[in-house]
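Note that the chains take the letters A, B, C and D in the order they are written out, and that residue 1 is the start of every chain.
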Amino acid sequence: MAKLNTVKALNLALLQEMERDEDVVIIGEDVGVDGGVFRVTDDLHRKFGGKRVIDSPLAEAAIIGAGVGMALYGLKPVCEIQFSGFAFQCFHQFENHVARFRLRTLGRFHVPMVVRMPYGGGVRALEHHTESEEQFYAHIPGLKMVIPSGARNARALLVAAIRDPDPVIFFEAKALYHAAKEDVPDEIETMPIGRAQVARAGTDLTIVAYGTMVRVAKEAADALSTDDGVEAEIIDLLTISPLDRETLVASAKKTGRVVIVHEAPRSFGPGAEIAASIMDEAFLYLEAPIRRVTANDVSFVGFARERSMLPAVPQVLAAARETLKF
Amino acid sequence: MAKLNTVKALNLALLQEMERDEDVVIIGEDVGVDGGVFRVTDDLHRKFGGKRVIDSPLAEAAIIGAGVGMALYGLKPVCEIQFSGFAFQCFHQFENHVARFRLRTLGRFHVPMVVRMPYGGGVRALEHHTESEEQFYAHIPGLKMVIPSGARNARALLVAAIRDPDPVIFFEAKALYHAAKEDVPDEIETMPIGRAQVARAGTDLTIVAYGTMVRVAKEAADALSTDDGVEAEIIDLLTISPLDRETLVASAKKTGRVVIVHEAPRSFGPGAEIAASIMDEAFLYLEAPIRRVTANDVSFVGFARERSMLPAVPQVLAAARETLKF
Amino acid sequence: MPRTALEPRFQVEYLSILDADGKLDAALEPDIPPDELKRLYRAMLLGRHLDERMVRLQRQGRVGTFAPIKGQEAAQLGSVALLRSQDWMVPSFRETAAMLWRGWPIEKLLLFFAGHIEGSQPGPNQNDLPICIPVATQLPHAVGLAYAAQYRGDDVVVMAYFGDGATSEGDFHEACNFAGVWHVPLVFVCQNNQWAISVPLKKQTHSRTIAQKALAYGFPGLQVDGNDVLAVYAATKEAVDRARAGDGPTLIECVTYRLAMHTTADDPTKYRTTEEVAEWERKDPLTRFTAYMKKKGLHDDGLQAEVEAEVSEAVRRFEEIPAPDPLTVFDHVFAEMPPHLAAQRDLLAARLRDDAAGSPDPPEERPASPPMRGQRNSRWQS
Amino acid sequence: MPRTALEPRFQVEYLSILDADGKLDAALEPDIPPDELKRLYRAMLLGRHLDERMVRLQRQGRVGTFAPIKGQEAAQLGSVALLRSQDWMVPSFRETAAMLWRGWPIEKLLLFFAGHIEGSQPGPNQNDLPICIPVATQLPHAVGLAYAAQYRGDDVVVMAYFGDGATSEGDFHEACNFAGVWHVPLVFVCQNNQWAISVPLKKQTHSRTIAQKALAYGFPGLQVDGNDVLAVYAATKEAVDRARAGDGPTLIECVTYRLAMHTTADDPTKYRTTEEVAEWERKDPLTRFTAYMKKKGLHDDGLQAEVEAEVSEAVRRFEEIPAPDPLTVFDHVFAEMPPHLAAQRDLLAARLRDDAAGSPDPPEERPASPPMRGQRNSRWQS
């Protein structure tokens, strides 16, 4: 057990999986000698050499496309896209191929690859370095879309993603990289992909969040408990897609009131599916409309304005109180 | 007034706008001499020459990227992506630039371009030629996403899109290209982008649809009227984004029951936003959960299986009846 | 001008051995054993015949849109023949002849064009990727396969196919650049058939050859007469040997011509002259190879009937294949079916049971527009 | 080998006029009027000084992550100086000196790196695109601008900037290919500074030069000493003249070096030696140009103080700029604000009023990781 921040926890997951399995290779821009621009692959190049930790040319479509080829051959590529804002360059490879090879070949081939990308705001970053693009992946059948919320689950989920026989898009919240250390066991630990967790039990209201927003949800829940005597249940999705509807619906049935928090723009965003899925199965239990606290439908505002756009505790509180009063 | 199918109606829109405005140029693969693989640009190359109707090399990102440059300069490029399945090749240009130049430059530049793409199934087509990808565009702030449902509105909306000062993604249902002729006025006609239409008035149930699915909705509504004595209201979205929530909410408030029909896969699809938006403002009016009739979350099944996957009248009827009985 | 010209200068070579008039450059003639020549010749005949048959099947509505290969048999077979079974073949969508050579059953190819995804499943030990429709997107896969083979230390070469139009795509460029940097055992085979649907090469790129594009990536590029199976064979042999020896990738440009339509949905008279086509018909790869075989005493008059029978037999088997089960697809989205897919599957299963239990079939949909091109079914046109 | 070598053979030229030792090839010396030389020299000094100042501002937390240009002043100014105001400049993210030349106020550049989108708004009649962060994506825009200019019959040339790493992207390839086919008045200026963050050129591409990549598109490519402002100027003049004359695009590779870090978030000692940097410091473009100016009697000792004052003055103005209004962005998503955005705007406006009305500020967020590179703020690191 060691106290690690998320960067170190992810690095540990990669290190241990590479030690365990020679087929695991890393590929991306600056992942090698430099150890990745956020240092998630630190020291791996020294340990495993340039053939396994590959500094690629600057071309995202080829990183993912070559990853597909490696995965088809039987390797387990862990690709890094330097920032999720640059993954649209390879979006055709995701949609056309990564997600489809298993189906196209009726199981003769599959693509056991992981694509890691830093995502999200709150770090005073420039355009294309702060956005939250999970929705685009969640809508593609055949992809799994995972977003951890802390050092320990980041490590466990990354191990699970590497061992998963299907492609996993793995978003890492930049704002969480160095945010808080957690106890991370020395032995390899995994967590099931596709399962949400109740991050805080409660009875009066459900707050659905993931990634950085789990922290915001927790602060809001504490304030609700202290100030309003209201106990909010927090669902930490961990996997965005396939969505763990069972856990969501169970909580909504219990509390009857739901607030969803995400950093992505609201319209046609992940919150819509979460809300619609809950309505599908818990309609008669809902006491109030499901509220979404999200970024506005503006693509980029610059970090000088960022605080006005990112969901924060006051907005979650306002939505929760409105929902509770409804 | 002439009886035209959708291909000819779209061709008329292009022809008349090109006659009206020298800045309108067309660019795409095979749009010139060949007149486009669906003949939407037929004869325009002969009329306006290769400098205005440009047969481009086979490279979607450059088609859209060059279109951005032309639009910044003051032209009005109408780009064609041969099939919407090949637009992921240029998705970075859409997300990074087409949608953002106005905001990035606080209005100093804007990108008045139209991107036409055939989309959707029902035409016995191979992989990447049958999918419905509207959700990806709808989630990007700064893009308008339009899908006509017939020859006349296709023509009017294309004219509106060309005159729009903002970028418009314009999906054309392949299954509607030659499906039915409609009376199309000789004089230029436009329709407002961003407004849905009540395609059939009703009181008991709202069916939301767009593109090819409007026909399916209409057949279902007729059957409901005949067989069940139920009058369904049909909302034809026409614009997917910005979503005309006002029209949707008004109808839902009136009927209390909503079924949404689309060809895109269900999860994290457009139906989710439509449902969530209606819930946002019409929660207390809803008598039943909003149901979605959609393709399954399977990327491609081959046209030999297509009929099992595309939403059709029986499924809409089943959902409508379930909703009515709820 | 007194500037420094950097060394080495670049040049692109052109290879032709058996020309359109049947003239053989004996000094360059590759040493192909008679049995291999016969296999090659038979495969060319089979490719040509299946092509004609498939166009007819499409016209009869028994398969959907199909991309003919007529005229490109030498480019495909002269190259693919150099692969061993452990090597990998990465096709685009116009490699019917090469796929047959690699062991794809004819009926599987028919299934593919009839809209069954069963048609894109390679056999259990077949090192081929399936048909790839989005142009050039298969090329980075080939690089990854070759890298993986090299990483594992396997004695494997990868061969990737694409057209002249594909060279305009970003994926072509990125794949070539990666292949150059990684020095992988990969042969890029461009079938430059002069057209990308209606776009002629001169509107596709301003470079004089496709071969010279290799210079941008620091590996050799060679232009060959793609209608000369001997030249294609010789050039590919050199490239495959180089790859196997660890000397990196090669780009081979096969100068050839698509004698038929782009796909069965295409009307080439809209964009090219019959004179142009006639000119290339004179250069037909099959004609000159037939003459060569005759001269070598290797020609077998019964072969044509044999390949026709083979195709007919396969078409018969294809037509016996029942409509596919709509439910199978759910099993292949993920290794394990998640709950939401299971629910969607169950719903569909129930609906199919209802249908079977007697509810009338929905009215037949309108005839479809073809997949890879626009709709040309005149009944619905205007 | 008895193959046909296709004509013409290709070659790539290298141009150097004023070398690292200050040696001038007088025969090639471009004819630049003294005033223009002075303007160029002042711009190089200004670029160098602003760069140093911005790094300090970043270290003080007054701006965010910033990409220094130190060492690349000659490559930028020797090229941009050939543009007239009606011409278009399409930058990447490392063209501070070129942008200053084009009239971007210093405080606007500071605003950009301080996270204000006001910093990416070109002036009303300024034919410049804003800083473009996604590598190579600006290049197709340049092609479109050039096409549009040609279409309108305007006497306009477009100049587009990018790095060595950018040449690996598909967008670079597609843009070059379109430019070749369309024969547009466009000059591609590659600042080959040897590194793309930590990736050296030899891992970026296996081609010997960047210039030779032009051969793939059928237009001229030229390599120049990018630290030699005279060579860059001469080469660019030729390319701009060619573009203006309707003779199509050119690729100019400026061989230069990024003397500082990739961005203020980068630690170059992780991936390159101090010896390598020292070697390039010897080739500093400013040193040799200073010597040249002195020799020409054009050197002005007061200039350094002058540019320092100019920067200080701009920094002062920048610091007076108040925090931006969060609501303005809603006005620029579409020409007309749709209802859902108006609703979001109103909600935010109400929240801001509440905040202002006294509700306590939320606790300050943790210090941020820098934008263009990973977080290096050690306080939060382990």
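The rule is short, and it goes like this: a residue touches a chain if its C-beta (ideal position, glycine included) is under 8 Å from a C-beta of that chain, and two chains touch if they have at least 3 such contacts.
Owing to the predicted nature of the structure, the values given are computational and were not obtained by experimental measurement.
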B-C or A-C, whichever has more C-beta pairs in contact: B-C
Farthest chain (mean CA position) relative to chain C: D
Chain B and chain C, separation of their C-alpha mean positions in angstrom: 34
Centre distance in Å when chain C and chain D are each reduced to the mean of their C-alpha atoms: 43
Rounded Å distance, chain A centre to chain C centre (Cα mean): 39
Per-residue overlap in chain C, given as positions that touch at least 2 other chains: 117, 134, 168-171, 174, 177, 181, 203-205, 329, 333, 340-341
Chain A, residues touching no fewer than two other chains: 56-57, 59, 61-62, 85-86, 89, 92, 96, 103-104, 127-128, 141-142, 242-243, 267, 297-300
Chain C-touching residues of chain A, taken from the complex the two chains share: 25, 51-52, 56-57, 59, 61-62, 64-75, 77, 92-93, 96-97, 102-110, 141-142, 144, 164-166, 194, 242-243, 245-246
Complex contacts: residues of chain D adjacent to chain B: 117-118, 120-124, 129-130, 134, 137, 139-149, 151-152, 170-171, 174-175, 177-178, 181, 328-329, 331-335, 338-341
Complex contact set, residues of chain D against chain A: 64-65, 113-117, 119, 133-135, 165-166, 168-171, 196-199, 203-205, 265-266, 270-271, 323-324, 326, 329-330, 333, 340-341, 344-345, 348, 351-352, 359, 362, 365-366, 368-375, 377, 380-382
Of chain A, residues touching chain B in the complex: 85-86, 88-89, 91-92, 94-96, 99-100, 103-104, 127-128, 135-136, 138-142, 241-243, 264-265, 267-273, 275-277, 279-281, 283, 286, 288-292, 297-300
Contact set on chain C toward chain D in their complex: 1-6, 9-16, 25, 27-28, 168-174, 177, 180-181, 183, 202-209, 212-213, 215-219, 223
